[in-house]
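What follows is a single structure, and I will ask about it in a moment.
Chains: A, B, C and D, in written order; residue numbering restarts at 1 for each.
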Amino acid sequence: MSGSSMGRLFTVTSFGESHGPGIGCVVDGCPPGLALTEADIQAELDRRKPGTSRHVTQRREPDTVEILSGVYEGKTTGTPIALLIRNTDQRSKDYGNIAETFRPGHADYCYWHKYGTRDPRGGGRSSARETAVRVAAGAIAKKWLSEKYGIVIRGHMTQIGEVQMPFKGWEHVGGNPFFSADPDIVPRLEEYMDSIRKSLDSIGARLRVVADNVPVGWGEPVFDRLDADIAYAMMSINAVKGVEIGAGFGCVAQRGSEHGDELTPQGFASNHAGGVLGGISTGQQIDVSIAIKPTSSIAQPRRSINKQGEAITMETHGRHDPCVGIRATPIAEAMLALVLIDHALRHRAQCGDVRVETPRIAGHIG
Amino acid sequence: MSGSSMGRLFTVTSFGESHGPGIGCVVDGCPPGLALTEADIQAELDRRKPGTSRHVTQRREPDTVEILSGVYEGKTTGTPIALLIRNTDQRSKDYGNIAETFRPGHADYCYWHKYGTRDPRGGGRSSARETAVRVAAGAIAKKWLSEKYGIVIRGHMTQIGEVQMPFKGWEHVGGNPFFSADPDIVPRLEEYMDSIRKSLDSIGARLRVVADNVPVGWGEPVFDRLDADIAYAMMSINAVKGVEIGAGFGCVAQRGSEHGDELTPQGFASNHAGGVLGGISTGQQIDVSIAIKPTSSIAQPRRSINKQGEAITMETHGRHDPCVGIRATPIAEAMLALVLIDHALRHRAQCGDVRVETPRIAGHIG
Amino acid sequence: MSGSSMGRLFTVTSFGESHGPGIGCVVDGCPPGLALTEADIQAELDRRKPGTSRHVTQRREPDTVEILSGVYEGKTTGTPIALLIRNTDQRSKDYGNIAETFRPGHADYCYWHKYGTRDPRGGGRSSARETAVRVAAGAIAKKWLSEKYGIVIRGHMTQIGEVQMPFKGWEHVGGNPFFSADPDIVPRLEEYMDSIRKSLDSIGARLRVVADNVPVGWGEPVFDRLDADIAYAMMSINAVKGVEIGAGFGCVAQRGSEHGDELTPQGFASNHAGGVLGGISTGQQIDVSIAIKPTSSIAQPRRSINKQGEAITMETHGRHDPCVGIRATPIAEAMLALVLIDHALRHRAQCGDVRVETPRIAGHIG
Amino acid sequence: MSGSSMGRLFTVTSFGESHGPGIGCVVDGCPPGLALTEADIQAELDRRKPGTSRHVTQRREPDTVEILSGVYEGKTTGTPIALLIRNTDQRSKDYGNIAETFRPGHADYCYWHKYGTRDPRGGGRSSARETAVRVAAGAIAKKWLSEKYGIVIRGHMTQIGEVQMPFKGWEHVGGNPFFSADPDIVPRLEEYMDSIRKSLDSIGARLRVVADNVPVGWGEPVFDRLDADIAYAMMSINAVKGVEIGAGFGCVAQRGSEHGDELTPQGFASNHAGGVLGGISTGQQIDVSIAIKPTSSIAQPRRSINKQGEAITMETHGRHDPCVGIRATPIAEAMLALVLIDHALRHRAQCGDVRVETPRIAGHIG
């Protein structure tokens, strides 16, 4: 059924296959009056773009976005914003083999049994290419959140395979191909990734995305909790297998006396909650981590079956990211932005006129 | 705004506060003809009920459910099923102090700023008591999934604090107060929990919930992925801070050659995917793990602020679970059931008449 | 599937059968801080209540409403408000005959083929009794709209059978059993209704419901238009077969020079639009008319079939309204209130901070 | 907020302005395996196209549709189908005047106060051009309903101004510019329309759209009734001011003994219900009528105000339909198709496996 939309008030409806005419989305519910150009969106798309280093896929996808509606004289009008990215790098190729078999780690087998048909070209709808649409929509959300509330959404990778990537400063993230917040680890990562590639293998990764300046009070108490919607959004990214808020799985071995963030007039004394309590933002930093599985397409021989159910062996050659997690940082940022703007609008709807005299305390005083 | 419903085709709308007249829900979209009595629901509620051992809260909540609609002559009619659980154990108590302050680790501060008002009695809407409603609704989902598809949904705890709890067999889970699948670890857990209690502290936990016999093909490719909806559902449970599917965070250090589950005519060779690829069920076991934070209410003095923003110290005495994770197993099972039934119905809607000749392969041959 | 909810931000989820334990609803999304008691709701329920004159059904349904949640110390908290009306006047009766046959003009035949089962007692889910729930939910919406925006929602009947009922003044509507805005027509209506009853027949009706003081700018341009949502809401009332906005079907023979409402600095010069243009409120009076079919249950012999498909004859005796339209006025008011509050909240979400310098012109200047 | 989607399982999300780059939609939830080409959609678009006779607007809009996704090798894949219609006939023109004033009968004044901005070119989002998108999406729905259930959806005009247009046969509808089911009335209509045009005025209209072969059991009992959804869909069409099902407003003066359709083993004895009882299809013909207001843009001087709130006089010259209702027939058919397919899928979800032995009776036996 229809499952290609996310967001209840800021709704993104995604469409498109990897090798069809194009991919895109309709963003419905954007407030009017936001200054918006294609360049605003393109800047985010370029952060995710393939081909920017030897550690990511060498496919050339210009990913040029066109705004089809909803913007007039450089400002959003409040009507739906349709975005279109034409597919261009469709290498002519024989997909006959792929169409007859099911690639391990991919959704081919699932699609086949679900739909009775599938577009085998480049993964079709399940291609990582689909995430460009999320980045495009997220760019609009990010801009509004920034202009309206001063919210800053940023991400960095924290681990590739066995290599931990410590946080040293946001200023480093844009200066290397690994979205690393530590420049000193980059040489080691280069070497590590080269070895992975040489072994015809791929590797998993972990990244963290945070939002600063989110006001207290966004979210819902029971089902549409802010953290539940974040978990949904993150787990909907291709290849994500785990999501944590704040202390995450670290809370299992924590005592209540350690985990529960104390409040002081100067702010929270810690942020194990990751900025969400009872489904509602606390005003602290929203802090999310995700785990991304290794790329499924590798050049080693792997066992599988064909449409007749017979055993086969297949190798996947081509231009695949050895670590699909590397380019996931802008995607995760976009997803967090999409969740936050939706809850910003929800909050305005129900509680927009609530005023209390209690002072808002700041983020943690650490 | 309205965020108290989950599910698009099997929709549960929850209501109620801990110390108001009652809690309950409306289940809309249940197929007609399912045999259903209050006893079916009560059996699941009793698994979650407090007061069953010294390791959980001693509150007495009979949690007796009444079916208000949607069932005629012992069968569902296809119309909404309303469930009501009256609150009974409402100790008369002065909530004045709690109403004026914000408990650390709780949503009090968030509610106050969001709504400008809150029901302070027993946590109000954010009470763990609300989860009884999920278990009740989940009981209906479980029964339908079992009768229609033979799906079995089960959970067990895998860790309390530092104590790992290995899996030895499903038959052990019901026989101890810890939902442990290993009877031999129980004495150690008893001792461990006693020490936590004596130190006036609380502890986190981790549990696993699985579903067997889920057909291949349930889920959606992009946003309403089966795993995304599971992540949403799990993260919406009180106190959950992390969700994993299959290998979860373990995938970060995995190679593609290890993680990607190979297919053979006899079945998948492994299940690192946890039964979901590209957002769609593979036909393997759905395998989910969650992290539950330590109970926030502890009897140690803690720093906080009052409504005027002034520093205070507070201790929470009373009947609190020292490990809120212990009773979470039936809740997590219920949430998984609610997600699965929703996708079962979605699948019937869009692809109910798809037939392919490719054989379905069985779960992993591991 | 789940079709028992209406409203996207102010969501009402209805449940209950005529002769089950009770009927009710969950109202999710009500802003916090609204003063609300059961008496507020009861006042509206009493306007719809049966048994108030000889021209309506003589069933005694006290329709006493209980607020189960969402209100604390006399004010809404922003969490779901559950309302319960217990069924009391369940005459013990043999429904065996009705269960085996399909009443003409009722949904029995449809339910049977749709669900394969049905609750035959008093019409079950399709009973007019279900509309009490709408009135209860609508009472909350009405109160909020009145307090927040000064919106006044009122209805009166405009025709019963062949008898036209002119508008003379709102002050007359509450003083007669026909919701007539003209007291002079009442004796004729009494006589007319007596003759209908004596002939063992029933009769259709037409009524009008209006909302004053609705701000300009509520509604959506394409699908969720204010008028489309009103049409949905009105047509969802039992027995309604037609809906008009403003000039309604009268517009078919109008010229554009007559129909198009001119604007002047003093206000609109007319209101053929009925307060909605392009799906969005104009700031004029919202003006809606509906047609209500004659009661299907009449004491004359009628042809039908039984579950075996065989021809039968049936007469329906009992306590039926001879004109089901009479009690529909408060229901239509409630439905209009539910649509308006939903759009009020939608508007706050997306455009709550829009400010223009153009003056708002008043309602029409006659 | 987001109000540009309709349908819960077969969801159409519309976008685009009259004079922006293009208009289009995303159709999400279409079952896989439907043979579909651009020509299938184009055929319906051409029925609505302007410029086909002197009685409709002379704008040249080729309305060429491109399928951007969701179709592979001529069949739907089950993933979202995006449709794009580029705008081509954008006469360069000074919209400065229109941008500063509010046209009577149009939504200009509403948009301005709602959004604080608007795209004034050709009506922007509120242009009748938007309805092309509905026709395109409806073409997909129509095709599926026809192939899967043999459902036939057809419409014809029943009145233009004072001229009644009787039904003589479906075969006549395509052969004249008025969608008239009576060829003999056409000369009179030609003359009538010429006189309207000469008087620089416009005129209202009424049309009827029906669906044959709809199975019994589609729809919901309370809120998402089949007739309520139809009313919503029809009232969402530009310029529609009234909707009737079956007897419609004619039921006001009917007795229950006349209106209530009797059942016989050979079928229903009449169809005053219009194919829907209690919100659920009866298996009879679905019968809907709508009223369409006269075109607002006329070449006579009309009073209005400008953005400063000052009185002005305006005339609208240009290429406007003198009777906007004429081209509404394919639009109303499309909307009916969109509602029906959504309920077809809903029915499969919840009740797809219901089987009863009671025979289904046919449509009415006259």
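Basically, contacts are C-beta pairs under 8 Å (C-beta built on N, C-alpha and C of every residue); 3 or more make two chains touch, one makes a residue touch a chain.
Predicted model only: the values in this text are computed from it and were never measured.
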| item | value |
| --- | --- |
| Contacts common to chain B and chain D (chain labels) | A, C |
| A-B against A-D, pair bridged by the larger set of C-beta contacts | A-B |
| Distance-maximising chain from chain B - centres being C-alpha averages | D |
| Centre-of-Cα separation between chain B and chain A, whole angstrom | 25 |
| Averaged-CA centre spacing for the pair chain C and chain A, given as whole angstrom | 45 |
| Approximate Å spacing (C-alpha centroids) for the pair chain A, chain D | 39 |
| Chain C, residues touching no fewer than two other chains | 1, 3-5, 8-9, 14, 29, 32-33, 78-79, 114-116, 125, 221, 345-346, 349-351, 354 |
| Chain B contact footprint on chain D (complex, rising order) | 8-9, 29-33, 78-79, 221, 345-346, 348-354 |
| Chain C to chain B touching residues, read off their complex | 1-5, 7-11, 13-17, 20-26, 28-29, 32-33, 66-70, 72, 75, 77-82, 84, 114-119, 124-125, 345, 349 |
| Sites on chain A touched by chain B in the complex | 1, 3-6, 8-9, 12, 14, 102, 104-107, 109-116, 125-126, 130, 159, 161-162, 196, 199, 201-206, 216-225, 227-236, 238, 241-265, 269, 272-274, 277-283, 291-298, 300, 302-305, 307-311, 346-347, 349-351, 354-361 |
